[in-house]
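Two complexes follow with chain A in common, the first pairing it with chain B and the second with chain C.
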Partner chain A sequence: MFESLLFAMLAGIAIGCALGVVFHRNPVHCALLLVGVLLSVAGIFILLHAQFVAALQVIVYAGAIMVLFLFVVMLLNIKGETPLLTPGAAKAFGFLFALIVFVELIWTAVEPAPEGQGMPQALPLPSDFGSPAALGRVLYTVWLYPFEITSILLLVAVIGAVVLAKRKFF
Partner chain B sequence: MAPTVPLVWYQVLAAILFTIGVVGVLVRRSALIIFMSIELMLNAVNLSFVAFSRQHASMDGHIIVFFVMAVAAAEVAIGLAIIVAIFRNKETASVDDVHLLKG
Partner chain C sequence: MDLATLIEAVVKVHVVLGFVLLGVPLIVWMERKVLGHMQDRIGPQRVGPYGLLQTIADGIKLFMKEDILPTQADKVVYFLAPGISVVTALAAMTVIPFGDSISLFGREIPLRITDVNIALLFLLGATSMGVYGIVLGGWASNSKYPLLGGLRSSAQMISYELAQGISLIGVIMITGSLSLNEIGRAQEKLWFIVPQFFAFVIYVVCSVAETNRAPFDLAEAETELVAGFHTEFSSMKFALYFLAEYANMMVVSGVAITCFLGAWHGPILPGPLWFFIKLTCFLFFYIWLRATFPRLRYDQLMAFGWKVLLPASLVNLAATAVFLTVKG
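Moving on, here comes the complex of A and B:
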């Protein structure tokens, strides 16, 4: 009961803030509302026994990525656009395609599975589920090579960002 | 301890957040807001992964979320550098004003 209440509250905050991100005029407010979404999703992660991922979400997303966003917003001094939305037929098509995507996603979520192929009942969790130790054990054994490749990706991203920021293009 | 919130509710929430992100990418004109909408979509997918991970009592979904976060961080660093470079040259951050490929 308590869990359902908490879920409903966090989901409501997340959806409200997400709508704010998309429809607010001031980019700074959009960024701060996005922090609201990220924090409430982190709360939902904790409801799902994913404590470490929730901590990562707060540190990496709400901490690092959003600070980067706010820096760029203030660096560029972007005013709210006028008009807010893209004009003409593109807007109508945008909403139409979004509606199609939404119906499709909801349908895949709620359609009844064929006989004998449904999702099994939630399995009982091991005691250390979601802890850094359990995640590290899987990450450094089964997923070792993807993990190492990620480090190369981040290195390339850092070099690319420096190069892009330094030189003059166009 | 059995979960009291069924899996389908997490998926519906993820679908709603993803759709809001899609709307943001399709109808907004500021490149920054489009980027934020992409983060919104990535988060919706992360939520879905974690919910399935809980259902199967397997840590693999958490690992995927870890990788998604790493890729998102790289993407934001590069993307914002590109936006800054465009702004320095064209004095705009609106995707409608960047149409050099239009011929």
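Moving on, here comes the complex of A and C:
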């Protein structure tokens, strides 16, 4: 009861903030509302006993990436003068794609799963579920290769950024 | 949750809050007094014995001052920004252990508000949210100097956060836990400053930068930016920024003590008392730094963070990992 109440509250804040991100004219306010979305999603992670993921969500997304967003918005000094709706074809395409994603989501939610492929029975959680130790163990055994490949991908991105920034030396 | 647990939690929250709110004027007084003596002056001495009540008087003065709202300011964000600074600083205080547990009225009472198993990450999260208070304060004032101060501090804090976080990983690897309580307990025999000396040095340098204190106080460099991000703030909003800065000093000192300087452990005297002695020494060190070093230039600051501290912390991390693996 208490948990579902908390979930409703956090989900409500997340949705409200997300709508604000889309409809607010001032880019700094939009960025702040996005921080609100990220924080309430972190709260939902905690409700799911995934404290480690919640902490990373706050540190990485809300604490680092969004600060850089704000940094750029402030540096470029974008004023809230851009029109709310882009005209013509862009608007039509945006509407179309949003509709497709919406229908797809509704479809997966409504359609009954084929025999034997439904949602698995809920198992009791292991006692250390969501703890850094448990997550680390899975990450470095089961998902070792995807993890290493991701790290190489990030390294490539870093080097690419440096090369782009220092182009005048080449 | 029974009534006793609730009462215990409420009492602890109030004790810690009171400790911070009373501690901040004392630190400010200590800073002015120590700085005064280091600069061959006397420092405050008129209000109360040894000028002890000077900061209280200043606080009352700030309360009474007019709260000025710049006409071009973004009202909501301008109002929110100092609050964010204070809330994140106080939130970080909740996980710092002041001592082991004590028995009172037949209950085992741990001397911290809460002990979550990701305490250290919670702390880093809270400090990383603290950047917003300064950045938004600078932006919402809608004035040149605060904006520059806010931009500087956002870049500075993000850069130094990395090395700060990585320098703490060595300690986490030794204890195998993110709980500050466990880390504190593990240092009964040997303080972690001994095996993790370089990490300690990196952490201290980064924490000075994180709290925007001299010699890293680029966000409010008076000679070039008037007062940086809080130029336009007056009255209690300014006081809140002031409070947040000193509360943040207490937080980073508390983490340094818990992770490197043996937490509450020490001979003869009880645990919490040792914690407060260490805290006072650390804050004195902070003030000493301010009196000693001139402010860095901005490009020097960024180069130092990225080209010296970050590689050094990574080398320390790798060395610790190799050592722990070889030792088994």
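We adopt the following convention: the second predicted complex is superposed on the first by the 155 of 170 C-alpha atoms of A that agree within 3 Å, B and C clash if a C-alpha of one lies under 4 Å from a C-alpha of the other, contacts with A are read in each partner's own complex, and residues count from 1 in each chain.
Here is the rule we use: a contact is a pair of C-beta atoms (placed from the backbone, for glycine too) under 8 Å apart; a residue touches a chain by one contact, two chains touch by 3 or more.
Nothing here was measured: the structure is a model prediction, and the numbers come from that model.
Superposition model on chain A: chain B and chain C are shown accommodated side by side without a clash.
In the superposition on chain A, A:30 makes contact with chain B only, not with chain C.
Once the two complexes are laid over each other on the shared chain, residue contacts for A:52 go to chain B and to chain C alike.
When the two complexes are overlaid on their common chain A, residue A:98 makes contact with chain B while staying clear of chain C. Of the two partner chains, chain B is the only one that A:44 touches; chain C does not reach it.
Of the two partner chains placed by the overlay, chain B and chain C both lie in contact with A:64. With both structures placed on the common chain, the touch criterion links A:74 to chain C but leaves chain B unconnected.
Among chain B and chain C, the chain that touches a larger number of residues in chain A is B. Of the two partner chains placed by the overlay, neither chain B nor chain C lies in contact with A:144.
Closest approach of chain B to chain C, taken over C-alpha atoms in the A-based superposition, is 13 Å.
Comparing the two complexes, residues 52, 56, 64, 68, 75 of chain A contact chain B in one case and chain C in the other.
Of all the residues in chain A, the ones that touch chain C in their complex are 26, 28-29, 32, 35, 51-52, 55-56, 58-59, 62-64, 67-68, 70-71, 74-75, 131-133. Taken in their complex, chain B has these residues touching chain A: 1-5, 7-24, 26-30, 32-33, 35-37, 39-40, 43, 46-47, 50-51, 53-57, 59-60, 62-63, 65-67, 69-78, 80-90, 93-94, 96, 100.
Residues 74, 76-77, 116-118, 121-122, 124-125, 128-129, 131-132, 135-136, 139, 147, 150-151, 154-155, 157-158, 161, 165, 176, 178 of chain C touch chain A in their complex. For chain A in complex with chain B, the residues that touch the partner chain are 1, 3-4, 7, 11, 14-15, 18-19, 21-22, 27, 30-31, 34, 37-38, 41, 44-45, 47-50, 52-53, 56-57, 60-61, 64-65, 68-69, 72-73, 75-76, 78, 81, 84-86, 90-91, 93-95, 97-98, 101-102, 105-106, 109-110, 119-120, 122-126, 129-130, 134-135, 138-139, 142-143, 146, 150, 153-154, 156-158, 160-161, 164-165, 168-170.
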